[in-house]
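Every chain is named by a letter (A, B and C) in the order it is written, and numbering of its residues begins at 1.
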Amino acid sequence: MLGNCIKNVRTAVPLVHNITNYVTVNDVANILLACGGSPIMSDEPEDVEDITSICGGLNINIGTLNQRSIEGMFRAGKKANELGHILLLDPVGAGASALRTGTAVKLMDELKFDAVRGNISEIKTLALGSGTTQGVDADVADAVTEENLEEAVAFAKDFAKKAGCIAAITGAIDLVSDGESCYVIRNGRAEMGKITGTGCQLSGIMTAFLVANPKEKLQAAAAAVCAMGLAGELAWARMQDGDGNSAYRSRIIDAIYNMDGDTLEKGAKYEVR
Amino acid sequence: MLGNCIKNVRTAVPLVHNITNYVTVNDVANILLACGGSPIMSDEPEDVEDITSICGGLNINIGTLNQRSIEGMFRAGKKANELGHILLLDPVGAGASALRTGTAVKLMDELKFDAVRGNISEIKTLALGSGTTQGVDADVADAVTEENLEEAVAFAKDFAKKAGCIAAITGAIDLVSDGESCYVIRNGRAEMGKITGTGCQLSGIMTAFLVANPKEKLQAAAAAVCAMGLAGELAWARMQDGDGNSAYRSRIIDAIYNMDGDTLEKGAKYEVR
Amino acid sequence: MLGNCIKNVRTAVPLVHNITNYVTVNDVANILLACGGSPIMSDEPEDVEDITSICGGLNINIGTLNQRSIEGMFRAGKKANELGHILLLDPVGAGASALRTGTAVKLMDELKFDAVRGNISEIKTLALGSGTTQGVDADVADAVTEENLEEAVAFAKDFAKKAGCIAAITGAIDLVSDGESCYVIRNGRAEMGKITGTGCQLSGIMTAFLVANPKEKLQAAAAAVCAMGLAGELAWARMQDGDGNSAYRSRIIDAIYNMDGDTLEKGAKYEVR
C-alpha cells in the first residue's frame, strides 16, 4: 500500500510551493523532482499568494526565517488554507530561539496544517507553546528509543489529535500519527545525520506525497518517511571507498529518483500501533 | 565557429555579476567557473553598483525575487547599461505571479538587455506585457515542437527584433534569434528537466559567453545553448547504475568543465533559419 | 600536534553559528558536519542572539551581505564577544565595494575577533581601513609567492599583532600568524580555485577547530588550513576520467569527512617562521 503513494506522486506530478531556508533549498528542490513532484520557491509577501494558488501544496520551513519571510509564511499559509491546499510545517529550531518558537507556535495557532514534521524536541516545543495543543503531555524524552517508545507513541498520538493534523516525529525511530494510529518506522541510517537537510528534504517530499494522496494522508506521510529512510539505506549500499557525507547526500537523492513503488513497498520497515 | 566562443571565455575569464535566486545560485557559480568565467553574487541595493562596475556582465534572474533584490536589479542594471556592460535577463516564473510578470516587464522597459533567456511561456509573457515588444504576435504554443517550429521561429525573430536583443527560448528545441536569423538547436536531453536550475545555469554561462564574444553576440548565445545541451548529452553518457538527477546535475557541470572548443564545435546540433 | 586539533573537533562536536552567504552555505554546513562540528545558520537580527548563545563559535562571512544581515552580524558578534565565544571574520570581497569594505572595517573596529581569514587583498583592505590595524605596512603584493614570502610573512605578523587576532591569509601559499610566529603552509592545489566557496568552507571549519582547541588557537587555525589544503590533494587523487570542478567539490568535503588525526599530521606541509 505504501508503494502506491510514490506511484501516485509520479503520476500526479504535484507542484509544491516551498518557503524554506537557503541552506538546503537546492536539495529540497532536487529531491522533489526526484520523487516525481515539481518545486517552486518564493518567500516574498507580495509574491507568495499568487505562487501558492497555482500549486497543490505548501511546505513552510522556518530554518532561516526572517521578518520578511515570516510575513510570507502567514500570507501564503492563509491562502493555502482558503484554497484547501495541503499545508505542512517544518519547525526547524523551534525551542532554540524565541523567534523560532514564537513563529512556529503562531503558525500552528493561525493556520490549519495537514502535517507537522520535526524532531521530537521541536514537536515538544510546539506542544508546550501552542494553544491548539493545550494539554498535550510533553513529558517525554528528547530521543525516541526502544525503551521509551510506548510513551513517545502516546505523545505523538496526543499531539496529532489535539493539533488536528498528522504528526511526523523523526529520529532514530520515526513516528507518524494522525491521532488514532501511529506508524513506527525503522528505516534510515545514523549517518544521515551527518548531512545537512535530510529533514528539510523529507518535509519537501512529504508535502508532495500528501498532495498526490489526499484521501490517505496518514499513509502518504508514513510512505514519505519510509522512502527517505530507505533511500538512506540504498544510498549507503552504493558508497565507495573514500566517499563521505557529500557523496552520500547526492546518492540519497539519486535513490529517491530511482525508487519505484515495489522497492518502497518491500523496503519499508514499519509497524502500526 | 561556435567552438571559438568557449575558447574565448577561457581566455578572457570574464567576471560576471549575478543577481540570482538562492535555489540554484551555487550551481550557477560553479558552472561559471567550469566554463572559464568568474562569478560574483550581490543583490543588496547599496552594494550592486560597485560590484557590477568591476564586472564585464550582469545576469539578472528573478527566481526568488524580493522587494530588496528587485531594487538591486534596477540599480545594477542601470549601472551596467551606463557602463556598456553585457546585460541578460532570466525572467523565471514570469506569468506565474503578478509580481514576477510586473518586475520582468518593467525590467525590459527600463533597461536595455543584450539577451533574454527563458522558456516560451515566460517569453510570451514578456511579449504580451512589455511596451518594448508591443505588437509581437504571441499566439504561439507553449512548447516548441517540430510541428509548430515555423511559427515559433517567427515568434522568436519578431520578439528579438522588437525587444532589440537576443531572444533565447529554451525547451525541447531551443531557439536563439537576434531578429534577423534564428538558431534552431537540438542538443540536450529531456532528463535535464529533472534537475533544478539548468536554465539558471545556462543564463549564467550565456552572460559569460556574451562578455567574451562581444562582436558575435548571436553566435555566443547560441554557443552557450549548444554547450549546455551538449553537456547534458555527455553527462548522460557517464551515468552509472543507480545514478539519478543529483549525480546528473554534478556530471553536467563537470562536462562543461572538460569541454573544449573542438568538442563543442563537433557536438553542436543546429541549423540557422 | 596538528593532528590532535581535528581529533578534538570530532570529540567536542562544536556547534557553530554561521552568518554566511547564500552561495556556498550548503557546502559550509556539510563540511562542518564532515569535520565533526555541527552547523546552524541564522541571520535575522531578532534571532541571532539566541542562536549564537547556544553555540561555541560564530563565523561571520560577508559574501552576500545585506542591510538586514549586517545588523545581524553586529548583534550576533556583540553577543558572542559578551559570552567569550570564538568569533571569526571572513571579509569576502572587502576592497571590491564600499559597502563590503566599510562593513568589514566596522566589524573589525567594533568586535573582537579571534581570527580573520581571507585572501591577501582582502586582508590588505582591512589593514588600510581599520582603526585597530593602524600603522600596518600593507605595501605587499596581491599574491603570496616564494619570491615575496618574507615580506608577506612580515605583513601577516604585523596585521595579526595590531589586530590582536589570528590572521589567516590563504592563497597559493597560506600564512597563519598570531603576531609572534607564522605558519607557512604549502598544502592545496590550484584547481581548488575552480570551485566556489573553498574559502568559505575553510572559514567554517576553522571556527570549529578554534572552538574545540581554545588553548592552542594558532595551531588550531593552522590545522584547519592544512586540513582544507590536504583535502584538496586527497580529493584530487580520487578524481576520475571526466570529473570536473563539481565532482572535485564533493570529493573535498568527503576527504574532510574521512580525515583522521594521523592523516592530517602526516599530510600537513608547513614550516613555522
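Methods note: a contact is a pair of C-beta atoms (placed from the backbone, for glycine too) under 8 Å apart; a residue touches a chain by one contact, two chains touch by 3 or more.
This one's a predicted model, so the numbers in the text were calculated from it and none came from an experiment.
At the interface between chain A and chain C, under half of the residue numbers involved are used by both copies, so each side presents largely different positions. Between chain A and chain B the CA-based rotation angle works out to 120°, given as a multiple of 5.
Look at where the CA atoms of chain A average out and do the same for chain C: the two points lie 34 Å apart. For chain C, the set of residues touching two or more other chains reads 22, 26, 249-250.
Chain A makes touch with chain C in their complex at residues 21-24, 26-27, 63-67, 93, 96-100, 194-197, 242-247, 249-250. Chain A contributes residues 22, 25-26, 29-30, 33-34, 39-44, 46-47, 50-51, 54, 68, 238, 249-251, 253-258 to its touches with chain B in the complex.
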